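The structure under discussion is supplied below as structure tokens; questions concerning it will follow.
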Amino acid sequence: MNGAVEIVSGALVVLGSLFVLAGGIGALRMPDFYTRIHGASLTDSLGPVLVLGGLMLQAGLSLVTIKLAAVLLFLMVTSPTASYALANAALLAGLRPAEMDATTRAGVINQEEDSA
Amino acid sequence: MRLLRLLLVIVALFTVWLLWGGLYKTPVLQLGILSCALVAWLMLRMAEPDQQKYNWRLAYRLPHYWLWLLGQMVVSNIQVLRLVLGPRSALSPVLVEVDAQASNKFALALLGNSITLTPGTLTIDIDDNKITAHCLTAAAAQSLQAGAMSRRVARVDPD
Amino acid sequence: MLLIAAIAILVTMALALARALLGPSVYDRVLAVNMFGTKTVLLIAVMAFAMGRTDFLDLALAYALINFIGVLAVLWFSHQHHLRNQSHSGTESGDEHSGDRQP
Amino acid sequence: MTTLLIGVFLLLLLVITAVAIVRSTDLFSGVMLSGIFSLLMALNFFLLDAADVALTEAAVGAGVATVLLLAGLKLTPSTEARARPVRPIAIIVVAIIALLMIYASFGQPSLGDPTAPAQTHVAPWYIENTPELVDIPNIVTAVLASYRGYDTLGEVFVVLTAGIGVMFLLGGGRGKPFSRLHTDPPQGLSHYLIPKVIARMLAPFILLFALFIQFHGEYSPGGGFQAGAIFVAGMILYALVRGEDKALAVIPPHVLLWMSAGGALLYGSVGLLGIAMGGQFLEYSVLADNPVTGQHIGIIVIELGVGLTVTGVLLSIFHAFAARD
């Protein structure tokens, strides 16, 4: 393992963890539920990519890297699905986003009744 | 033909098994092949008559799309990072509808999840090929409605 | 380096826990659980490298694969609740389990 | 040292979560907080190098527990019943017992103490003799499946008994293990497109991962309990998305019952086979000419039994809850 790779991978991991931290702050600071999901999604998008990417660099070309890539791939597939399911569950329970456009509001409610 | 597909699925699953494993002893590999066959059989039992066939061309189109998506993620992450740390008055949450250009299930799910993966936009509902997205700012909504992502997805998996 | 990352993730966990305790809606708590899951995967990965036990990555893989099922179950629960409210009372939507209920 | 500090921090969060669970009267919030509790427990086990236990906690806590609790919550009101005021005598009794237990804990060897009896007699014996007697890298599996095979057999029967209990309480009687009062409107999330597509993509990987854990138990963290729980998580994912009826069509109720009982039976028969081959109950060394090979065969078969029972029971419990209205 040469020094440059070490430094780059360390920097990626730290940068990613800062995005993760920002996501935590976002989930705490944002004003309403739907905007909080946006805040939290900082944690779910670039954070894992950078952290796991950095670790992959550190592991080099090995089975560990492949396992990390699998973890990353599954995270990238599942976390937006979870966010969608969460937002939809809240919508279904009658939690309305703040400052909603009047026309789309009607559209969403109609759709919801059709599907139920 | 159907048998060939099944065999292909087993081979694919077994490749994943080998890549996870790193342990290549005969009994484990034998049990591995049996496991892959069992999973393939269960997949067959789970299959729906209306389900979409796997499009093998995705294998090289998807990575290309992911690279583009990664770029989008970097841009939008930095934007949302500013919003998170900045004043609340910068927020102007809005709901918009986006038209998906490809209407098959995989493309819709890919588009929906891509919208969620780029912070600042969040898929909250899908109806036919209209996606309702919650956007953190009007600017994010506008760039989403410009439709670059929808066009890219349509190119990855056209109808 | 790995240690800084681990600390940042731990602080984020504390923040997520704060969100879970504050609520106010039950869905904020679900959001917190979901965030916690992602963070767990990352902390396991980082600590596996810090401790030199990369064979423990199976644990991260398990979480990455199955952690979202809980959130899907929440959607399933809300959906069934919604259906039941509609069929029993005929009111327009399931406000009974609405978001801004205090614990 | 840093691991210790991280562990203490996580334990702190754990205490906060536990207090919040006790204090919240909203059951839904309680379920969500117990999800966080489970994640914290798993992390603590992981930091203590107990990867097998951490994997169990992960498999049960993330995949199955939340779903089962929500399925149970479907049948109950959503807030906790008001508790009766606690009598002073009860508080006094609890306080005394708590103090006694804390006092007794000073008599215990501290965590990781090298002079503790467990470290000086039992553990070194396992560590020294496992390579020779059982010859598998994961000593936890050797302890669980071979040295303490009786205990594990007992655990399997506990799981089976729990399953039978739930069947009696919630099931629909003879020949109808899962009562279904109505199948209309359609259950499941089948008109939610993203979960449907993603579940179809991921379910095979979850099932494959479960079997991977099952058959790598001797070499890396895992084994029958973890594999069973992860397999069930995969099937529950399918059931949530497509509806329980579809999931019951993939693995029918009678197969589930056969799996539950058959797994325990398989485990017990390996024990009896040991007697038949001239050894003792659950002595695997006599199963093959070479004692070490015999151990390997025994461990693989009983782990399979454990996996079958756990899968059958957990999935039956899920269906029993989900089928009730």
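For clarity, chains are labelled A, B, C and D in written order, and residue numbers in each chain start from 1.
In this section, a residue touches a chain if its C-beta (ideal position, glycine included) is under 8 Å from a C-beta of that chain, and two chains touch if they have at least 3 such contacts.
Protein identities per chain, from UniProt: A, B = Sodium:proton antiporter; C = pH regulation protein F.
Being a predicted model, the structure only gives us computed values, none of them experimental.
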item	value
Which of A-B and B-D has more C-beta contact pairs	A-B
Where chain B (Sodium:proton antiporter) and chain C (pH regulation protein F) are represented by their mean Cα positions, the distance between them in whole Å	20
Separation of mean Cα positions, chain D and chain B (Sodium:proton antiporter) [Å, integer]	31
Gap in Å, rounded to a whole number, between the CA centres of chain B (Sodium:proton antiporter) and chain A (Sodium:proton antiporter)	13
Distance from chain D to chain A (Sodium:proton antiporter) - Cα centre to Cα centre, in angstrom	29
Residue list for chain D, restricted to those that touch at least two other chains	192, 194-195, 198, 202, 205, 209, 220
Contacts with 2+ other chains: residues of chain B (Sodium:proton antiporter)	20-21, 112-113, 123
In chain A (Sodium:proton antiporter), residues with contacts to at least two other chains	23, 25, 37, 44, 67, 70, 74, 77-81, 83-85, 88, 112, 115
Which pairs of chains touch, using the document's own definition	A-B, A-C, A-D, B-D, C-D
Interface residues, chain D side, partner chain A (Sodium:proton antiporter) - complex	191-192, 194-195, 198, 201-202, 205
Touching residues (chain side chain B (Sodium:proton antiporter), partner chain A (Sodium:proton antiporter)) in the complex	19-22, 70, 73-74, 76-77, 80-81, 84-85, 88, 91-97, 112-114, 116-120, 122-125, 127, 132, 134, 136
Chain A (Sodium:proton antiporter) residues touching chain C (pH regulation protein F) - in the complex, by the definition given at the top	10-11, 13-14, 16-18, 20-21, 23-25, 27-28, 33, 36-37, 40, 43-44, 47-48, 51-52, 55, 58-59, 64, 67-68, 70-71, 74-75, 78-79, 81-83, 85-86, 88-90, 92-95, 112-113, 116
Footprint of chain D on chain B (Sodium:proton antiporter) - complex, ascending	13, 16-17, 20-21, 23, 27-28, 31-32, 35-36, 38-40, 42-43, 45-46, 48, 51, 105-106, 108-109, 112-113, 123, 126
Complex interface listing, chain D residues touching chain C (pH regulation protein F)	2-3, 6, 9-10, 13, 16-17, 20, 24-26, 28-29, 32-33, 35-36, 39, 42-43, 46-47, 49, 51, 54-55, 58-59, 62-63, 66-67, 70-71, 73-74, 78, 185, 187-189, 192, 195, 199, 202, 205-206, 209, 213, 220-222, 226, 230, 233-234, 236-237, 240-241, 325
